[in-house]
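Next come the structures, one after another.
Paired with chain B in one complex and with chain C in the other, chain A is shared by the two complexes that follow.
Entry: the complex of A and B
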């Protein structure tokens, strides 16, 4: 792709991102301001009985809670633009630093689950779609449909029961041994704690990519170019690898990058089951304990994260499909 | 080279959960192609023409059933035999550019066809692909194109090159003039004539009787899954030499002739079950037998015809 076109593409995407963030900010601000959470109660927490109405008023005045919603929104949005997301009330730390720390923990979990489910799902999809209605296809399809309709937390609990409680192979919770801090643990300990949550996310994530790849494989195996390859005397194996896989890979890659949003949603549930201190668990806590600044921060962050995944999918699609590449070039 | 006798193709499909239904696509087909000649199979769209090529190559879908005899080079063409020789001794020239993989460069695909045709060596295959493209006046740079970048005429030449990169003795050309303008169509047919002149047998499947008459040696007329007539090209000079009323009507329908209204396809597919001549409802000459009994194939004036009144 020529550079000028690529710059134009990036510019378009940036504008879209800004519009998206504006809309997300507006909507989430509206929802939070209509929610029954009283920001002062949430801030003060258990000490609520100790403060007088006068003190409440001082806080409300300092926070500008008496001002109209529109003014409050622009005040908040203005600070967001300057990079000030506020202070998380449950962690007593700037929101961005909480998100940063938690995201790193989640990142390895999501990366492991994402790559494993992507590779495994693609391979299963190819194996199933290469010979429609074969025994292998039926088995894989049954697995994929079962997993597609199974809740993440349930799979997590089943795996916990089997591997942590019965077999005692994996730790029962957390990202590192209890009583230690993140800095004290070594790589193997971290990986050991990561295994089960990652497996949970992978098992579930495999379903979608498998079914999608299978569909594309069947489509390819019934296509006219495969008929021609057969007419030339190519074997089924040769056809699968020379023709069908290539055509099934394009949509699979796009889907895998576009699925980052779902991965995020899955992580929320899996981390809750495994008490894994990642961004997902933090989201749940922020919601339950009324940490409004943190919750809003995570909403904005996840919007950027998902948007980034989709944009990456777009760019990769443009780069690897010769039809898109050449058309952009000529 | 190739002889097909009383050949039929039918499909079974699940009409409901329990019962299977059979639909017959080709009821009774007879064809013979000799080395060095072009045999055109002419029929209306939907008459099951493309299935014929796929059936000969043994690449019909799994729910298809065939019956009848196919002989290739004098020996019966069994499922095992066709598996070994397709792409080597029999090659398909497909209908359209959709028969090329959209994500592979055409040069790669021609080279692949060369390897499948029996060349063991990668460089030899590349060389063969190069000369096949050159034979059809395609520049080396074309090898680097993707199928979507080709024009209709170019695509046709690539498809012909792909089929002739090996040393196949029998070529099955499926609708070679489809979607081409008159000039490109003439060129495509010219290439088939050249191939026949070098001693190959060409089976040309088409609905376009007018343009193929210029290059073909014989014509087999196909109607509703049944071969009605096999005629020499020279018979198509006046009404008198043709044997079957359908062929006569087809000939008369051409703009260069009397341009009378074309005979229509049977409104309800006979499905081979009525037993009569498939054309009797539209036939001007039909007699009492025509509705009940399918006429046998008989020789007449150096050709074949299936008609009670011929």
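Entry: the complex of A and C
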């Protein structure tokens, strides 16, 4: 692969990301600034009757709320460029450190769910697509279509009822036992708390990749090279593993990377059901309690996250596929 | 499966029609049921608290003795109404933007394509939360959020369809024969665009309903006074650990069935309306 071409590709992508982030920042700031939820009311919460107008002014002054929106935007954007996302009002901590801490907690959940749903979905798709209209295909298809119209949070609630409440196999909430901190817990305790939220995300996430792989498999199984292999006396199993799977694998990997946005959204819902203290639950808290700097920070962070997934999908598609690589080389 | 039962004497086209009619009957039943029976869900009866599902209360009763079946029907109607109105608004946005991108020249096209890129830059749910927050929550906030975030897919479809139509031979011929642009738009473009638009709208319903339910579940939407399905499910979270599983299971299942019915309806109509498949 020519290295200069790859560098050019990365440069183009970085410019695109910067322009996109600028637009996202502008749009989200505009949206947030016209919210009727008063940030000071949301900040003081129940103590609303106790604070005097003078104290209000002090807060407004410190947050720069007395200035016009345009000036506030440029002030905020200028600090963003220097890497200062402001202070979260509900955690009283820099936004970046809140996002960093919470994202690591979410990261393990998303990684587990993402890899499990990818592998399972791919296998189900192969099993369904290898023999179109067989009983197995119908069952898998029914499952995938049902999951595509099932709310993530409902799956979480059903799993919670069965495994945590009725069977008592898994904990009811959180990412570690109550009363302990993240550092004190061991790997197995963390995994124990991760299981159900990750399973929730996987059960839903499987649907898309299964249906996609199934389509690619059917396409491959009806292709001329498969008919030729059949004519040479190859068995169905041999054809599936030697010919069809190779063709279905790459689109599946690409799709799995491009679906990071949906994974992020699913994590918000799953974390809410299991009170898992990750970035998703923080997003909901920031929205409900009016923590504007944190909400804006998460919006920008999630845009980078999605862009990262899409770019990886692009790179895999362009540079790992032997056919595309040859084309890029010539 | 039940499909086999009527395969014997109905061809595919008639079977699809049967499916479409059953889906429409289901929605009629939900709306009629909510209208006739839904208000019973407001009645509290402390003698009948926390009852599991039975013949008298098919979905059980909640912690105030309210009939969950009636509450579910009413909640389903609210959720469907919100989803339908938001999806319709979103489809109209898509129609306007798609037409504008395809007909008003390169600058507008670039602007619309860029707008799509920005709209899908953040995870969908994060965008929904952001817009709902900007509108200050409530049913209005949910509708605006869902309407303002679901248009990109249909916009792309409509833009591509119009671009393809504009370069097709029969349109060029019609122009050469002296027909004006409006006449062409009405007689040649609209018959091709209408099915795309209707199917795009129908297939948007499932997403819109699910996203509206998710937003409500997270607490950005309605108060307990408008008990949409998302509100019912969020309330039931507090009672799950007490073993009141039926508060969550039944309303969720009805939501899944309705969403799937919309999906089947959209896909069946696509088969019926698409000239390539309608005669199979």
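By definition in this document, the second predicted complex is superposed on the first by the 312 of 330 C-alpha atoms of A that agree within 3 Å, B and C clash if a C-alpha of one lies under 4 Å from a C-alpha of the other, contacts with A are read in each partner's own complex, and residues count from 1 in each chain.
Here is the rule we go by: contacts are C-beta pairs under 8 Å (C-beta built on N, C-alpha and C of every residue); 3 or more make two chains touch, one makes a residue touch a chain.
Computed from a predicted model, the values in this text were never measured in an experiment.
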Report task. Could you say whether A:165 touches chain B, chain C, both of them, or neither, answering first, second, both or neither? Result -> second
Report task. Specify the partner with more touching residues on chain A, choosing between chain B and chain C. Result -> C
Query raised in the report: Counting only touches as set out at the top, which of chain B and chain C does A:32 meet: first, second, both, neither?
Result: second
Report task. Could you look at A:152 and tell me whether it touches chain B, chain C, both or neither (first, second, both, neither)? Result -> second
Requested in this report: Applying the touch criterion given at the start, work out whether A:191 contacts chain B, chain C, both or neither, answering first, second, both or neither.
Outcome: neither
Query raised in the report: In their complex, what parts of chain A are in touch with chain B?
Result: 223-225, 227-234, 242-243, 246-247, 250, 321-323, 326
Report summary line: So, in the complex, the side of chain B touching chain A is made of residues 54, 57, 59, 83, 85-88, 91-92, 94-96, 98-104, 112-113, 116-117, 146, 148-149, 162
Query - In the complex, chain A residues that touch chain C - result: 20, 23-24, 27-28, 31-32, 34-37, 138, 145-146, 148-154, 157-158, 160-161, 165-166, 172, 261-262, 264-266, 268-269, 272-273, 283-284, 287-288, 290, 295, 298-299, 302-303, 305-307
Report summary line: In their shared complex, chain A is touched by residues of chain C numbered 1, 114, 117-118, 120-126, 129-137, 206, 210, 213-214, 217-220, 233, 236-237, 240-241, 243, 245, 248-249, 252, 255-256, 259-260, 263
